[in-house]
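The letters A, B, C and D name the chains in turn, as written, and every chain counts its residues from 1.
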Amino acid sequence: MNRLAHEFIGTFFLVFTICVASVYGKAGAYGPLAIGTVLVAVVYAGGHISKAHYNPAVSLAFLIRGCYISVREMFSFMAVQFLGAFLAALLASALFKGEAEVTATQLSVGPALVGEILFTFLLVWVIMNVATAKAVTGNQFYGIAIGFTVIAAIYTLGETSLAVLNPAVAVALTMVGKLSLSQIWLPIAGSLIGATSAVVFFNFGHPSESCSESDESSCRPIDGK
Amino acid sequence: MNRLAHEFIGTFFLVFTICVASVYGKAGAYGPLAIGTVLVAVVYAGGHISKAHYNPAVSLAFLIRGCYISVREMFSFMAVQFLGAFLAALLASALFKGEAEVTATQLSVGPALVGEILFTFLLVWVIMNVATAKAVTGNQFYGIAIGFTVIAAIYTLGETSLAVLNPAVAVALTMVGKLSLSQIWLPIAGSLIGATSAVVFFNFGHPSESCSESDESSCRPIDGK
Amino acid sequence: MNRLAHEFIGTFFLVFTICVASVYGKAGAYGPLAIGTVLVAVVYAGGHISKAHYNPAVSLAFLIRGCYISVREMFSFMAVQFLGAFLAALLASALFKGEAEVTATQLSVGPALVGEILFTFLLVWVIMNVATAKAVTGNQFYGIAIGFTVIAAIYTLGETSLAVLNPAVAVALTMVGKLSLSQIWLPIAGSLIGATSAVVFFNFGHPSESCSESDESSCRPIDGK
Amino acid sequence: MNRLAHEFIGTFFLVFTICVASVYGKAGAYGPLAIGTVLVAVVYAGGHISKAHYNPAVSLAFLIRGCYISVREMFSFMAVQFLGAFLAALLASALFKGEAEVTATQLSVGPALVGEILFTFLLVWVIMNVATAKAVTGNQFYGIAIGFTVIAAIYTLGETSLAVLNPAVAVALTMVGKLSLSQIWLPIAGSLIGATSAVVFFNFGHPSESCSESDESSCRPIDGK
């Protein structure tokens, strides 16, 4: 329950910052910094409780990683992530809708899909390595590594694919009018493909760190507490 | 006494930077970075001595958290925080008043109040998790998490509520003319509501880490030394 | 094999970000931040597996450092680094070539060579100290130190030498037309000279941490693993 | 000897970055970021060897702190710091002198002196706490805390006092024409006053961590090895 509350809070603030700072333009050119810094903060705040997914594609990756989350938990996580994103977009829209004209970016399908796949692959590859690899258990740089990945992604892909990387963010961006409903499939498909590829690759490279060995130090299951 | 001195120094430099870099515009568009970086620095410098509150709303939160601070200590902390902010604003004003025209931002009450409540909730939720949660005792990322929260808050809320999040900063901003006296209640009320909500939420989710168990490792009382 | 895959991924994303964010201008003035943040991320993600070279000049330096890498491994590392850079430049070019006109910067040989030598010296001096010095074994700041060096290098040298510091990046920049083929020798020579000087200097100052003592804690050989 | 070499390298790159990125304007508005990031990098690279002073005012502070450095060592440190700054300014000037017109900033004595004293106080207060306080021995955030202090200082004070904070940097800035010779006393006096005040304040608040107790864990003397 506490884990779900933390997933809700983290996703809410991530999405609220995305909507207000970037979509409604309150941070001007500094939107990516606002988003990256808030992500670093909420990852460090919630990481020890819920592993700080804040992203349905990341929750799916943790399921495939094995032993961090059960199928039922994954769907609970996703539900509160979408709820947090929904409420954040709703509040941002209620507060700032009139102040800036938001027009949906028309994404060019090929580059946008490639971009979303590539950088969600990068994001999940980074997360799997800094948050689940046995060799760096107990490290404290995970928040910086994850947040900085997103800063780089937004600066690099912002114009091309909006650097969504997250199905819950895709819903929020559609709600506030930045992503057209007809293209919402694009970041959703891209992020799920990218995330799945990254975790399959990771599992392939870390065969001895799979769930079956039931080794607490290589893998901290949330399920069985 | 040393704790009070550190609270004074930290709050002084935080507020001096806010006034000079942002209000008097010396940092141009980089004000939020100046404020965030100085906050990271003073949190790391003073954290091991006074827990680096630098904010009456945070001191109130530590009181409600239980066992970190007594009522009497809280008022001493608040007194030196207000004193530090007062002197910083006075010095900044003496040095730079003539160089830039400062006009009070007229805040729109609803959005500003919502913004201050939300992001002070975020700030205190982050602080409680990184500075008091048993699971991450001894972590070294607390300064980055706290400073980055404030960077995100200023970029996101700067235009809407000034992203004050701190009653002592509210007083300073009123002194230098950035916040009108008739609206000073707004960030003060918002930050106290947000901070209280966050710590109540935190305590609810961490029942076994309350003061009553008198466990040194879950809670380092300042009172009884 | 897993090490080579990680070298490939890290170099690929580093070079893709360089090409898209900076060369094709997607990040505008924030290119250096995009490059620096992605480097921090991939160093933290891959460091525990391949030592995160992502740079043939750095692999050469690890060879000279002694005991981290064999000659044969060094050439494998270099091969996948060049392959990653080649594919990243190819993909970036396929996606964005039409959108921005890229003209080769005509480097002034003297300053550019001095700049490349100096800052690759700095980069490798930083890497040797944070990633191989016995006194800071197990530290977690290596990613920040390395990424921040590159941010500083690009801001300082960007106009003078393109701040390449990396033969694989030199190839990629030539492929996308930012570096003329007739000047590609310049960052390659500069980075190899700078890297070699730095590691020779480091070995001179750390005689007791050479390979011959076969001390696991001072030196983690990849070879015999 | 190795310590002196590291002090030389760190100061050289700090000053070279200051001169090229800021004085000769290669980093445009991003000069403070270039300087702050290179400082973080060289502090992490050299901290375990020489304590990474890179600043005569800081070396003086370590002398007053007690047991970190002897008088003779302090003068050796200062000598190589001035030498590094001198050569960095000379090289920067040789490479870029013709490309940008540098005019000496005419500092207003009062504000500039106050600014230099205040922020060197802050810098040394931060350094003493993160690099010498017993309570945070072995921490890894010292580089970030120190580098971020300087970023904040430059954004806040850049226009007022040039945010020199360092007698060796003062010499370099005079050499490249950014600081007039008639005002070089100003940052030198300000930084020495600020540094001395900070360390005296620190020693007063940490009486049990003075040298006399000869406790290795509270104080790592460089002298007696």
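Methods note: contacts are C-beta pairs under 8 Å (C-beta built on N, C-alpha and C of every residue); 3 or more make two chains touch, one makes a residue touch a chain.
Just so it is clear, the model here is predicted, and its values are computed rather than measured.
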Shared interface partners, meaning chains that touch chain A and chain B: none
Equivalent-chain rotation between chain D and chain C, CA atoms, steps of 5 degrees: 90
Fraction-based call for chain C against chain A, same above half, different below: different
Most remote chain, CA-based centroid, reference being chain C: B
Cα-centroid distance, chain B relative to chain D, in whole angstrom: 28
Distance between chain centroids, defined by C-alpha means - chain A, chain D (Å): 40
Multi-chain contact residues (two or more partners), chain B: 33, 140-141, 144
All touching chain pairs, where touch follows the definition stated at the start: A-B, A-C, B-D, C-D
Residues on chain B engaged by chain A in the complex (per definition of touch): 29, 32-33, 36, 110-111, 114-115, 118, 122, 125-126, 129-130, 133, 135-136, 139-142, 144-146, 148-149, 151-152, 155-160, 201, 205-206
Chain D contact footprint on chain B (complex, rising order): 2, 5-6, 9, 13, 16-17, 20-21, 26-28, 30-31, 33-35, 37-38, 40-42, 44-46, 48-49, 91, 95-96, 140-141, 143-144, 147
